[in-house]
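Chains: A, B, C and D, in written order; residue numbering restarts at 1 for each.
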Amino acid sequence: MQKIPVGILGATGMVGQQYIRLLANHPYFEVTHLAASPSSAGKTYRTALKNGWLVEGELPESVSELVVADVANVASAQGCVLVFSAFEMPEKEQIKSLENAYAAAGIAVFSNSSAHRSTPDVPMIVAEINPQHLDIIPSQQKRNGWDTGFVVVKPNCSLQSYLTPMYALMQAGYEIPKIMVTTMQAVSGAGYPGVPSLDMIDNVVPFIGGEEEKTEREPLKIFGEAKEGVFVPFAGLKISAHCNRVPVSDGHTACVSFAFGEKKANLDTIKKIWRDFRGVPQELDLPFAPMQPIIYHEEQNRPQPKHDRDADKAMAVSVGRLRPDSIFDFKFVALSHNTVRGAAGGGILNAELAYRKGLLTLT
Amino acid sequence: MQKIPVGILGATGMVGQQYIRLLANHPYFEVTHLAASPSSAGKTYRTALKNGWLVEGELPESVSELVVADVANVASAQGCVLVFSAFEMPEKEQIKSLENAYAAAGIAVFSNSSAHRSTPDVPMIVAEINPQHLDIIPSQQKRNGWDTGFVVVKPNCSLQSYLTPMYALMQAGYEIPKIMVTTMQAVSGAGYPGVPSLDMIDNVVPFIGGEEEKTEREPLKIFGEAKEGVFVPFAGLKISAHCNRVPVSDGHTACVSFAFGEKKANLDTIKKIWRDFRGVPQELDLPFAPMQPIIYHEEQNRPQPKHDRDADKAMAVSVGRLRPDSIFDFKFVALSHNTVRGAAGGGILNAELAYRKGLLTLT
Amino acid sequence: MQKIPVGILGATGMVGQQYIRLLANHPYFEVTHLAASPSSAGKTYRTALKNGWLVEGELPESVSELVVADVANVASAQGCVLVFSAFEMPEKEQIKSLENAYAAAGIAVFSNSSAHRSTPDVPMIVAEINPQHLDIIPSQQKRNGWDTGFVVVKPNCSLQSYLTPMYALMQAGYEIPKIMVTTMQAVSGAGYPGVPSLDMIDNVVPFIGGEEEKTEREPLKIFGEAKEGVFVPFAGLKISAHCNRVPVSDGHTACVSFAFGEKKANLDTIKKIWRDFRGVPQELDLPFAPMQPIIYHEEQNRPQPKHDRDADKAMAVSVGRLRPDSIFDFKFVALSHNTVRGAAGGGILNAELAYRKGLLTLT
Amino acid sequence: MQKIPVGILGATGMVGQQYIRLLANHPYFEVTHLAASPSSAGKTYRTALKNGWLVEGELPESVSELVVADVANVASAQGCVLVFSAFEMPEKEQIKSLENAYAAAGIAVFSNSSAHRSTPDVPMIVAEINPQHLDIIPSQQKRNGWDTGFVVVKPNCSLQSYLTPMYALMQAGYEIPKIMVTTMQAVSGAGYPGVPSLDMIDNVVPFIGGEEEKTEREPLKIFGEAKEGVFVPFAGLKISAHCNRVPVSDGHTACVSFAFGEKKANLDTIKKIWRDFRGVPQELDLPFAPMQPIIYHEEQNRPQPKHDRDADKAMAVSVGRLRPDSIFDFKFVALSHNTVRGAAGGGILNAELAYRKGLLTLT
């Protein structure tokens, strides 16, 4: 089979590197194009990595000598069927325009940026939760006058740990009107150089700019429905979030309390629903789909970032400590790998889904 | 003035050492007696410190050559008007009996242990919140047939950060029926050797045995009222807690969401109430009383353990990030030093209060 | 092929767990017997793990239901051709006697303990350096009156990082009379619970009991020669060591300065010798042999524990920063994984070597 | 007494903040002028602190409303008798010119920068070691045509821990021709934001740009002698250094091996020399002089950053673990606070010395 040529926008950053690492030997996709800021343009990828190779393992030989393009030079991505977008610019509007330019050039854009997350007809996908949101793409293309190009986004990494467990219960017929969550987030979420070590040695920082707002708002779009070509946010849920930065390299942990609606599940039922939960990625047996999206731990002190972030290729969500809550109904702890499941791995899974839905084709 | 002679039970442990450090040059009290487990008994304090001096500064000369007694040898404490109890034993009943034996011997016991916290006529004191609970002591003495001895306890360190801010609002006339709290607790809370470093390098442990139960239950006694010689827990409040261990040496941080009753304060009112709050320790100008019990920070990323745990002799509570909560009414971050305010410093403040109330006298 | 049945002595500890993890699916060996302290004896392995599964991945199903034997019950190991010994006892003489008892029972003992390291006819093996030292075994067996049993040890983990690079130069014909080394050692070297987190948050401990002595003495035996049935330590080398504990989970780093004898290699020659170095494990293509035992990094800030400890199944030594030394001739940085290369993985490699040399056979 | 008005150049950085913190209530000096980069110029100091107050305690009220000047605007410092220079610029030549401009304007410059360290007639002072080097100032002023202004520098923070102990022995009549040192340096040495937390969680970085060269070269100037108006480096000492960054906030630790010349001291003599050592700052009883410049610890696991960095106002050097070295004569561990003794506190001590030598006078 001929692989789909893909590009990485923002290839030198931490998430860009994760994309490159994870896409080595991918069965559907092949990285053929790398783009970054003007300061990297024209250099080989190896020399453009001014902070070095920051992720696991060694820089794959297959990309080390690719010449990096300027991300603003959309024409240079010709030949790519899709790009994974993980670049940064001072203004969100700049990112949005550039992502639009790639789409206008016929390229599918799978973005990690928050720029397009509130665009009403851009689907924000968690592959196990709302794969059907990809159906909006023809309408998105029509509105923009795009041919084969389109834009898909993934949500913020802070909510990846607890949203699938919550959805599994909703899908099983239980309403969940209230979720209160406190996150303890890893420093890799801020990229490199990111969080100064002086802030993380013997310390916790109880603030991450913009994170609580995203965590409270984005799930409503994910749980929403498309109506007349735009997503209408779900109205039946309120989320309250505290987001903290802790001295952990990878893996966001969340302490979650939630209330059921009238119909309430008991403890064993909840665990069973979580363990049995499978989504479209599992049905389609997508390469990056974890076999079991939600892993429940019976040990009283799990999940922990160090032990559980890498579960099932770092794509599974680990949960534990389900117990009654004295104010809401239940509380539990959830954990997922923020730069894999919550960033590059999640983006790849979305692209795999789009590929199998026929949205990505070699011309 | 002649100082009150005091003993430290559990003198070699981490909290015992904090008592010794903090009592050096105390205006009311003088450490004259040290007791620990049989393995330390008979040694000088310096040689009994098998793990060394674990707290700030150097071991005070004044105690380094005191010979350590066996904590089970109550008679050896003769001459002490009060003891600070911070010893450990396998069974809580053992601790309780031994604390009772000291009280029976005419000695006031200020305990950090959880053994007596649920004894109905043992007051659990946060000096700024329920100093009037000390009034139960004559009744406690009568019931036990004790003369000058009695037992007073302090609550768990996990709740010291947020309970005073909550109380300040209650005192100002606002009901607070619901509090949801997630703590990020320092390793010193588990003593020495305590938490293994393999669990704290690049990790968070979302479980501390017994901690959530204490955090949810103890405030109800503190806010309760004495009726017919026993404390009746406050019925108007529900607390739900998640307790986590994080790689921080000292300083417990709490993310708190709370609901008001019918009467609701606005953001500026709450801040003003917190800043203006003063308790009996401040009125009496007790040596260990922080001048301002609640320090509000306007910076959006404070309080932080590293910057704020030592505020006002490590006795003040630091709060910040007060903002509306989408489910309850408000949320904020609170922090206090767990081995000072939450342990030895809090115990000393309680003893100062008892002293000024006339409960401790030289014979 | 029928696999060799092996036992793990000290199976519940950290190194014991690493053995179990690494031996899952081993081509020569199969774990059929687990032994630990009396408190674990009689329990299934899963329930005997009172501190849980501490190493990577999940507890292998194949061993989780094995019933753990008392390590003092040598007869229970009947059926094992070899045991990997990683148990602890208060006295070294106790460990020595027990290891002897296993050998006397016809079982080959590959030990991680330091108990037998100074026994004159017990070979201390680094498989790439002194594989020929295994030739002493018939003599060892004869002296002890053992039949098929024998004892082999591996050296301390602190020297695994720099000793192979030093040996590679010696093998290439360069004398190295002086090595000065400062180590920065990971906490996993002290097992679990091991180093308290209070000592490792915002701190370095410049002392590890007994470590400097081992680091200075053990290489002399490894570089020594067997004469009349005992190893005579190498006399042509002096080592001086400073050993420190740093807040790193796995991976010992060493800063090394060394002097050549009269014949001196230049910088490029040294790098070439290191990169080209191969030993007997590589010639025999042993399962646990790293393809390239010494990996040289040209980046100026490598090797680093986080990036390099897992190189080539965590069995390769990573080195870098080779540069002239103003007092000796050269200095460099070396790193190896202490619980894999420096403990369980090194032990397995030694057993593989013995197997291929015909010292281990199914009866 | 009227205090000497002083300015801080680079006031918003980490070292600048330490100067401000340490100079609050100084008996000789009063901070009256703050300067920083153009982006801070014109703002009050409080608002110019874009990263907040990074050092201990709270921002002193006395400076919080001072308006920050552009550091390039030398005229704005008029009225200052001296400035502490801790600003950064892309090119060392720029720093040098600007420091010269302040000196030309009649202001004494005490610099933390490395820009002027190799200028032959600029003294590099450790107040306990070479206070007599200040005698070169008239000659420096004459060469430059400066009136009351001059430039004094302090050495790199990496050598502050072990240089005074080495000097104490030299002063007592022992030659020390060889020192081999491996440092484990705190992240505060790189300022803020400085070292990324991704490099310091579960890691060590065995490289600090330029640090080893400074550590090997600067002591030779400090031990040198002024001849014909320039300092001739000391020729009787060779230093070899490995410099590492470790996950510690403050406090550089050094593992040191050294050789004596022909005359050798024994272990007890060395300890006595260290404990008895006093320098000119102690004789003059300077405000920032530690009472005992070298504190020797008998505990086998000291000094440690967490316990010892703050010894005697963070101005004392802590040493321990003196023991014979198998290659050189002795080895030991040394520690000092890098941003106090090794930066701002050391600079202040130098200025106090100059003041008492009559080099700083109110006009």
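In this section, contacts are C-beta pairs under 8 Å (C-beta built on N, C-alpha and C of every residue); 3 or more make two chains touch, one makes a residue touch a chain.
For clarity, every value in this text was computed on a predicted model and none was experimentally measured.
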Intersection of the contact lists for chain C and chain D: A, B
Chain pair, B-D or A-D, that carries the greater number of C-beta contacts: A-D
CA centroid of chain A to CA centroid of chain D, Å: 47
Between chain B and chain D, centroid-to-centroid distance (C-alpha), Å: 41
Residues of chain A touching at least two other chains: 199, 201-202, 247-249, 301, 306
Complex interface listing, chain A residues touching chain C: 52, 201-202, 249, 299, 301, 306
Chain B residues within the chain C interface of the complex: 54, 187-188, 192-202, 247-249
Chain C residues within the chain D interface of the complex: 178, 180, 182, 184, 199, 201-207, 216, 238-240, 242, 244, 246-249, 253, 255, 257, 300-307, 320-321, 325-328, 331, 333
